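Next up: some structures, all given as C-alpha cells.
Across the two complexes that follow, subunit A remains constant while its partner is subunit B and subsequently subunit C.
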Partner chain A sequence: MEELLKLCGFEGDEAAAERPRIGRAFLKLGISAEDIERGTQRLSRYYATELQGIRKILRLLVKNMVNTVLAREDGKTKVIYGFMIPGFSVFTSALVSLSQEIHAAYLCPQFQIILGGIFDKMSPVLEAAEGKWLKSGMVAHCGNVKGLVGLLVRDLIPRPDLLITSGLLCETAPKSVDLLHELYGIPECCYDTCQDREAGEYPAATERIVSLAAKSLRLVTRKIHEEVGIEITDDMLQDILNARQGLCDTLGRVDTFMQQGDPLPISANSQILWDYMGALTFSKENTPEAIDAINTLCLELEERVSQGVGEVEKGAPRILAMLPSHHTDPRQDHIVGELGMAIASTDRIFDTSDMKMPEDPYEQMILDIMRGSLFHSAQRRVSLVIEGCRRLHIEGLLNRCHIGCRTVTGDALLIKEAVSRELDIPVLFQERDDFDSRVYNHEQFKRNLEVFKTMLKSRSGEARVP
Partner chain B sequence: MLELLTLCGFEAAEAESELPRIERAFTKLGIGAEDIERGKQRLTTYYDIELKGVRKLMRLALRDLVNSVLAREDGKKKVLFGFMAPVFEIVSSVLVSHSHEVHAAHQSWSPLLIMGSVFDKMVPVLEAAERKWLKAGTVAHCCNVKSILGLFTLDMLPKPDLLVTTGFSCETSPKTINLLDELYGIPGFCYDTCQDRSFKTYEVDSERTVGLVVKSTRKLVERVQEVVGFELTDEMFQEMLDARAELDNAVGTLRHLIENSDPLAISAPHENLLMVLYALTLSIDDGLPQAIDAINTLYEELQERVDQGVGVVEKGAPRILSLLPAHHSDPRLDHLVGEMGMAIVACDPGFMVPFPGSPKDPYAMMSLHLQGSLATSLPRRIRLIIEGCKRLKVDGLLNRYHVGCRAVAGDPFIIADAVGKELGIPVLTLEWENFDPRVYNHEQYIRRLELFKMMLDTNTERRRAQT
Partner chain C sequence: MQDERLARHLQDRPAQLREAKENGTKIIGYFPGNYVPEELIIAAGAIPICLINGGDTLPLEASLSVIPHIFCPFARTQIGERLLKRNPYYDMIDMFVAPITCQHLKKAAEIWEHYGDMEIFKLGVPHQGNNDFELEYFTDRLRVLKERLQILTGNKITDEKITGAINFYNRMKELLKQISLLRRSSSPPLSSADFLKLNHASYSADPAFMVDTLESVYRGLPEKQPVTRTDAPRLLLIGPNISDGDYKVLDLVEEAGGNIVIEEVYEGIRYYWHTIDSRGDPFESLARGYLQDRVPPAFMRYSTRKRLDFVLKLIADFNVSGVIWYELLGCETYDAESYYFSRKMEEQKIPMLILESDYGMAGVGQMKIRIEAFIEMVKGGLE
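Let's look at the complex of A and B:
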C-alpha cells in the first residue's frame, strides 16, 4: 500500500495520516492486497508516475474518490453528485467553499481512473448495473451510465441527497437518474436545453441554446438551495469562475505541450488524468492545490520538451485521436505509443473560440462546454477536426467511436470521408466502449495499429498536412 | 396485381386507373410478381381483409406510399417529408389542402406497413442503411432510423426539398437527418423542446415544455413557408384541427369498442393500421373524409362482430395490455399472441397524461402529444399503465421493449416491478425491435408465450377460486 500511495503522490506524514481512511475506502470498494499489487504494477507501466505532476494529479483523484466513498462516515450532512453535467464543478465549488458539511462530487471519472484504469476493477461495477436495467447484448447501454448505477446499487458510494444530471449530450443519463430516483428514492434533478440549431444558424443558435440551458441550470441551483439551504449567488459563481481560470489556463498549456512536443513528452493515456481536473469540485482554498499539480506537470513537460525527452521517438507519426483517452483501460492508448505513434491531441479539446464569453456566469459555464467538439453538429465537428489536423500537422487519424452512444457513432463515417477527401491522410477506425474494458480485443487492435503504422510510414516521405 | 389491389381496398375502376402508377412505384421499390404473391398471402394471413374497413385503411396507406415514391414524376414542385415528427401530419395536411403542387408526407410509416408487413421487403432497406453509418452489431441503431436512410440510399423515395424531424423521443433521428443533409444535400429541419420536467411539478413543467415546443414549431412552419412559398396561418391549422376532431372521435369510439370487446373483435396487428392512419397526410376535402369513412366502416363491421359474439380469439381469453405499438414491419408476433389464445386489447402509446387547462393556440393543441405515454417521464408512464390496466381489466402485461432505443430499454424492469407489486398480474418482458423483422424468433416466442399463457390461466383460476 505504501508504494502505491507514494506513486499516487502521498508522501511522509500525509501518507501515514491518510492511510487508514484510504484503507477503509479500499475495503468498501473491494480492493484487496492482490489488487494493490496489480495497481502498483499498472501505475508504473501505464502512467508516468516518475513525474511529480502526475503523482499530484493522481493524489487529488484518489482523495476525491476516498472522500466520496467515506462522505457519510466523515460526517457530511449533505452529499450531492453530478453526472454528465457541465458546470457542476463550478457551482459545487461555491457550495463546498461555504460549508464543510457538504460533499459534492462529479461522477464517475475518479472511479473510472482509479478503480478501472489502475486496479482494473470496474467490470464488477458494470455487471452490477447490467443486473439491473442497463443492458449488455443488443441494447448495449453506455458503460459510463453503468458506472454510476453500478456504484450506487453496489453501495460502493453513499446514496446522495441530490443527484443532478443533464440531457445536453445523452438521454440515457437523465433516464437512468430518473430510474435511480424511482427505485432507490434518490432525489434528482435534470437540466436541459433545446438543441435545434442548424449549421447555417451558427453562432446565433448556439447563443440561444446556451441561454436556455443557463435558465434551466438556474432551476438546478434553486433546487440545491432548497436541499442544502445555501443560496448560490451569481457573484459567488463569478468568484469561483475567476479562481478556476488559472486551472483552465494551465490545463491549456499542458495540452499545448502535448500538441507541440516532438518527441511526445508523455504517453497519451495519461491525458485522461488531467482531462478531468476541471470536472473536480475544489473549495476556493483547495483550488491552488489543483493549479499547483497542473503547474508542476507543465514545468516537467516543458523540461522534457527542452531536453528532447519523450515517450516515443522523435519524428514519430503524429496522430489525432477522436474522443478522450479510454476512461478505464489505459492499454488502448498506451499501445499506440508502444508501436511508435504519437497521439498529439484528441478532438475533445478543439473548440470554437470565436464566440464572445457572456457576462452571465451560468452562460459562461454552459458555453465553456458547449463550444467543444463533442457538443457541435456533425458538420461543425468535422470542420473542427480538419482545422485541427492542419494546425497540428497531423499525419493520421485514429477515428474511435464510442459504441455506447448511438448519437456519436454516426459521425465516424462522415469524419473519415471528410478527412480522407480533404487531407488524404490514413484513418483507422476503432469501435469501442469508452468506459468498458471488456469490449476490447488487444491483439486485434494491435494488428490494426500495425497496418495503420505501415500506411503512415509509406507516407513518411510525403509532406505532412499543409 | 389486381387481386392485391382489391385486397387493399381499391374498387375495380380505381384499380384499373391506378394500376400503371402503382406498378411504377412497385418497380422503384423492387416489388416483383413473387412479392405480390407473398403480399396477398400475408394480407389474408395476418389481416382481417374480409372487413371493408381494413381494406380501406390499407388503401390509404398504399396510396400514401405510392404518392411519395412518385411525387416528382407526378410533377410535385415541392416535396416535404417528416420523420419521427409528431405534428408534421397536421402541417402536411394543411399544405396539401391548399396546394396541389406540394407533396408532404410522414416517413416511413407507410413503407414499413406496406413494404414490411405486407411484402416482407424491409430487410434490404435496413441492410442498405447498415452499409452506411447506421450499424448492426453492438451499436444496433434503431431500424426506424435505418428505414428512412435505406429508402433514400436505395433511391426508393425522391429527395425532398425539406426533411423535418424532432428530438422529442430520440437523438439518433436528428443526427441522421443532419447527416442526410451533409452527405446527400437533403435540407433538414429539427424542432425540439427542453425535456426537464420534474415529477413533482409536472403540470407546471409540462406547460413550459409545451410552450417551448410551440415556439420551435412556429419556426418549423416559418421554414416550411419559405420552402413552399405561401403562408400557413393559424386559422388554417385551427380549421384542420377542427376537421380532424371528427377522426379523433371516430378512432376513439373504435378503440373503445375493441378494448371492451369479448371475444376480441379484431387482432392486434391491426393496431399498426390505426397508427399509420394517424400519420397520414389527409387533405381536408379528400383524404380526411376517406379516413373517417374507413374508420366508421370498420366500426360498423366490428360492432356487428361484437353483436354476434364473433371474435378473433375465444370469449373469455386472457386480456393483455401491450407496451409499445404493434410491430411496424412484421405482424407475426402480434398475430401469434392471438393464435395462442390471448387478446391484446390495447397498447400504451395511446394513454395520455391530462394537460392542465384547454389550450386555445392551435400550435399548443398540436403539441399535446408530449403528454403521451411514450413522451412522458417514467413515473408518469407507470401510472398511466397501471391506470390503463385497471380500467381495461387486463389479466396480463406484455412488457415489450424496443432494443433500438436505449432511452426506453431501461423501462421494462421498473414497469414489471411496479405492475407486479400493484396489480399482481403476470408480466412477460420481451426484447424486440419494433421496426426490424430479423429479430423475430418464432420458436422462442412460442415458448415464452406458452409460459405466459400458463401464468395467466393459473392467475385467472386462482382469482375465480377466491371469488
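Let's look at the complex of A and C:
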C-alpha cells in the first residue's frame, strides 16, 4: 500500500493520515492486498509516475474517488453526482466552496482510471449493469454508462441526492439516469441542446444551440437550489470560471507540449489522467492544488522537451488518435509507444473558434463545450480532423471507434475515407469500447499496429502532410 | 385487406411524382417519428414523402461501407437505399427535412449532409420538449423551415394555407384514430398488418386520395368479418419502429394465433391520438402539437413514466392480455426501457415478450418459436 500511495503522490504525514480512509474505500470497492500489489506494478509500468506532476494528479483522482465512496461516512448530507455533463465541475465548485456538507463528484473517470486502469477491477461493475438494462452483446451499450449504473446498483458509491446528466452527446446517459430515477428513486435532472447545426450556418447555429443549452442548464442550477438549498448566482459562476481559467490555460499548455514535442515527452497513456482534471470539482480553496498539479506536470514536460527526453525516439512517426486514451485499459495506448509511434494528439482537443465568448457565464460554459470536436456534426468533424492532421504534420491516423457511442462511431468511417483520400496517410481502424477492457484482443491489436507502423515507415519522408 | 384502389395508387405513385416534379413541383422527403409537420410542406405547394422503407437486408449490407453495424437497421436502411439508388423515392427528393431525434437517424442525416448532393434542413427537436424555451426553439425552427420551403418552391406560405393543411391532416388523423379504435371490439374487423399498411400508405400516397381512401375504408369496416378468432389473445405491440416492409413479426404473431389489437410504435406509425389546434398562430399550434401534445418516444428525456402510463391505458382500453416488445438491434433507448417495462408488466401480471430484429432471416426461426410459446402462455393465462 505504501508504495502505491507514494506513486499516487501521498507522502509523509499525509500518506499516514489518509491511509485508513483509503483502505476503507478500497475494501468497499473490493480491492485486495493482491490487487494493490498488481496495481502498483501496473502504475509503474503504464503511467509516467516518475513525474511529480503525474503523481499529484493521481493523488487528486484517488482523493476524489475515496471522498465519493466515503461521502456519507464523512457526514456529507448532500451528495450530487454529474455524469456526461460538461460544466458540472464549475457550478458544483461554487457549491462546495459554500458548504462543507455537500459532496459533488463527476462520474466515473476517477473509478475508471483507478479501479479500472490501475487495478483492472472494472469488469464486475460493468457486469452488474449488464444484469440490469445495459445488457452486453450486439446492442452495444456504452461502457461508460455501464460504469455509472454498475457503481450505483452494487452500492459501491452512496445513492446521491441528485444525479445530473446531459443529452449533449447521447441518449443512453439520460435514459439510464431516468431509469435510475424510476427504479431506485434517485432524483435526476438533465440539460440539453439540439444537435442541429448545419455545415453552412456556422457561427449562427452555434449561437442558437448555445443559447438553448444555457437556458436548459439554468434549470439544472434551479433544481440544485431546490435540492440543496443553495442558489448559484451568475456572479458565483463567473468567479469560479475565472478561478479555473488558470487550470484550463495550463491544461492547454500540456496539450501543446504533447503536440509539438519531438520526441513525445510522455506516453499518451497518461493523457487520460490530466484530461479529467477539468471535470473534477474543487472548492475555491482547493483549486490551487489542482493548478499546482498541472503546473508541475507542465514544467516537467517543458524540461523534457528542452532536453530531448521522451517516451519514444526522436523522429518517431507522429500519429493522431481519435478520442481520448482508453479509460480502463492502459495497455492499449502503451503498446503504441512501445512499438515506436507517437500519439501527438487526439481529436478531442480540436475545436472551432467561430464565436466570440459571450458574457453570460452559462453561455461561456456551453460554448466551451460546443466548440469541441465531439459536439460537431460529421461533416464539420471530418474537416476538423483533416485540418488538425495538416497543422500537426500527422503521418498516420489511429481511428479509434468507441462502439458504445453512436455519436462518434457514426463518423468513424467517413473520417477514415476522407483522411485517406485527402491526406493519403495510413489509417488504422480500431473498434473498441473505450470503457471496457473486455472488448479487446491485445495480441491482435499489436499485430495490427505492427502492420500500421510498416505502412508509416514505408511512407516516411514522402508522407508528411504538407 | 389491402384496398385495391390504394394498391394501384401506390404502384403508380412514383410515376405521378416524377411527372409532378417535371412540372416544377418540389418533393420534400423526411424521416418518420412525427416531428416534421407535413402541413408546412403542403402549404408550400410541395409534396411530402416520408422515408419509411425497411425490412430488407440489401441496403444494410450497402450501408456498412459508411456506417458501423451498431446503428439500427432502419437508420442503416436509409443510408443504404441512397447508396443503392434502387428506390425511386430516395432519388427524387428536392429537399430533405431531417428531424434531429435519436442518434441513429441524426447520424443518417449527417451522412447524407456529408455527401452534399441534396439540400438538407435539420429540424432540431428539443429532447425535453416541455419547457417554454424549447417550445419557442422548435417554433422558430419551423419558421425557418417555412422560409427554406418558400425559397425552394417559390411559393408563399400563408397562415391560411397552413391552417387549411392542419385541418386536412387533422381529418386524416381522425380517420386513422376511428379505424384504430374499431379494434377495441372483441371481433376486430382489421388486423394490425392491415392498419399498419394503411398507415404506411399515408406517408407516400397523395394526401387527398388517402383521406378519401380512409373514409371509404372506415365506412366499409363494420361490414367486414372479424379477422381473427374471438378467443385469440389480444396483444399490444410496442417498439421504436415498424417500417414499410418490416412485417415479419406481424405475420408470425398472426400465424401463431395471436391478435395485435393496438400498437405503441414511434417510427412508422402516423401519430393519430391528437389533432393539431387550428386556431391561433399556426406555427405555435404545430410546434405544440408535434413536440408536446403527444406520447414521447423513448429517446426523449423523462419519457419512461409517461410512456408506461400511456401503455397501461392502452392495455385497459383495448383489453390487452399480452405485450410484444419489438425492438431493432442497436436501439439503445428502447432496449434499456424494455427492462423497465418488463418489470412493470410483471407487476401488472401482463406477460411480455421482448424480440429484437436486424431484418435478417437468421433469427426468424427462433423468433417464430418464441412467439408461438408466448402466445400459448398468454392463452393459458386466459383459460
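Rule of thumb we're sticking to: the second predicted complex is superposed on the first by the 464 of 466 C-alpha atoms of A that agree within 3 Å, B and C clash if a C-alpha of one lies under 4 Å from a C-alpha of the other, contacts with A are read in each partner's own complex, and residues count from 1 in each chain.
The rule we apply is simple: a residue touches a chain if its C-beta (ideal position, glycine included) is under 8 Å from a C-beta of that chain, and two chains touch if they have at least 3 such contacts.
Model, not experiment: these values are computed from the prediction.
Contacts of A:S89 after superposition: neither subunit B nor subunit C is touched.
Residue contacts after overlaying the shared chain place A:V439 against subunit B, while subunit C stays out of touching range.
Counting contacts as defined above, subunit A residues 132-135, 138-142, 167, 171-172, 174-176, 178-179, 182-183, 190, 192, 194-196, 198, 212, 216, 219, 377-379, 382, 403, 406-407, 409-410, 412-414, 417, 431 meet subunit B in one complex and subunit C in the other.
Touching subunit C in their complex are the following residues of subunit A: 132-135, 138-142, 167, 170-172, 174-176, 178-179, 182-183, 190, 192, 194-199, 208-209, 212, 215-216, 219, 377-379, 382, 401, 403, 406-407, 409-414, 417, 431.
Residues 65-71, 100, 102-104, 106-107, 110-111, 113-114, 116, 120-128, 131, 133-134, 137, 141, 298-299, 301-305, 329-333, 335-340, 343, 356, 358 of subunit C are the ones touching subunit A in the complex. Residues 132-135, 137-142, 167, 171-172, 174-176, 178-179, 181-183, 189-196, 198, 212, 216, 219, 377-379, 382, 403, 406-407, 409-410, 412-414, 417, 431, 439 of subunit A touch subunit B in their complex. Subunit B meets subunit A in the complex at residues 132-135, 138-142, 167, 170-172, 174-176, 178-179, 181-183, 188-196, 198-199, 212, 216, 219, 377-379, 382, 403, 406-407, 409-414, 417, 431, 433, 439.
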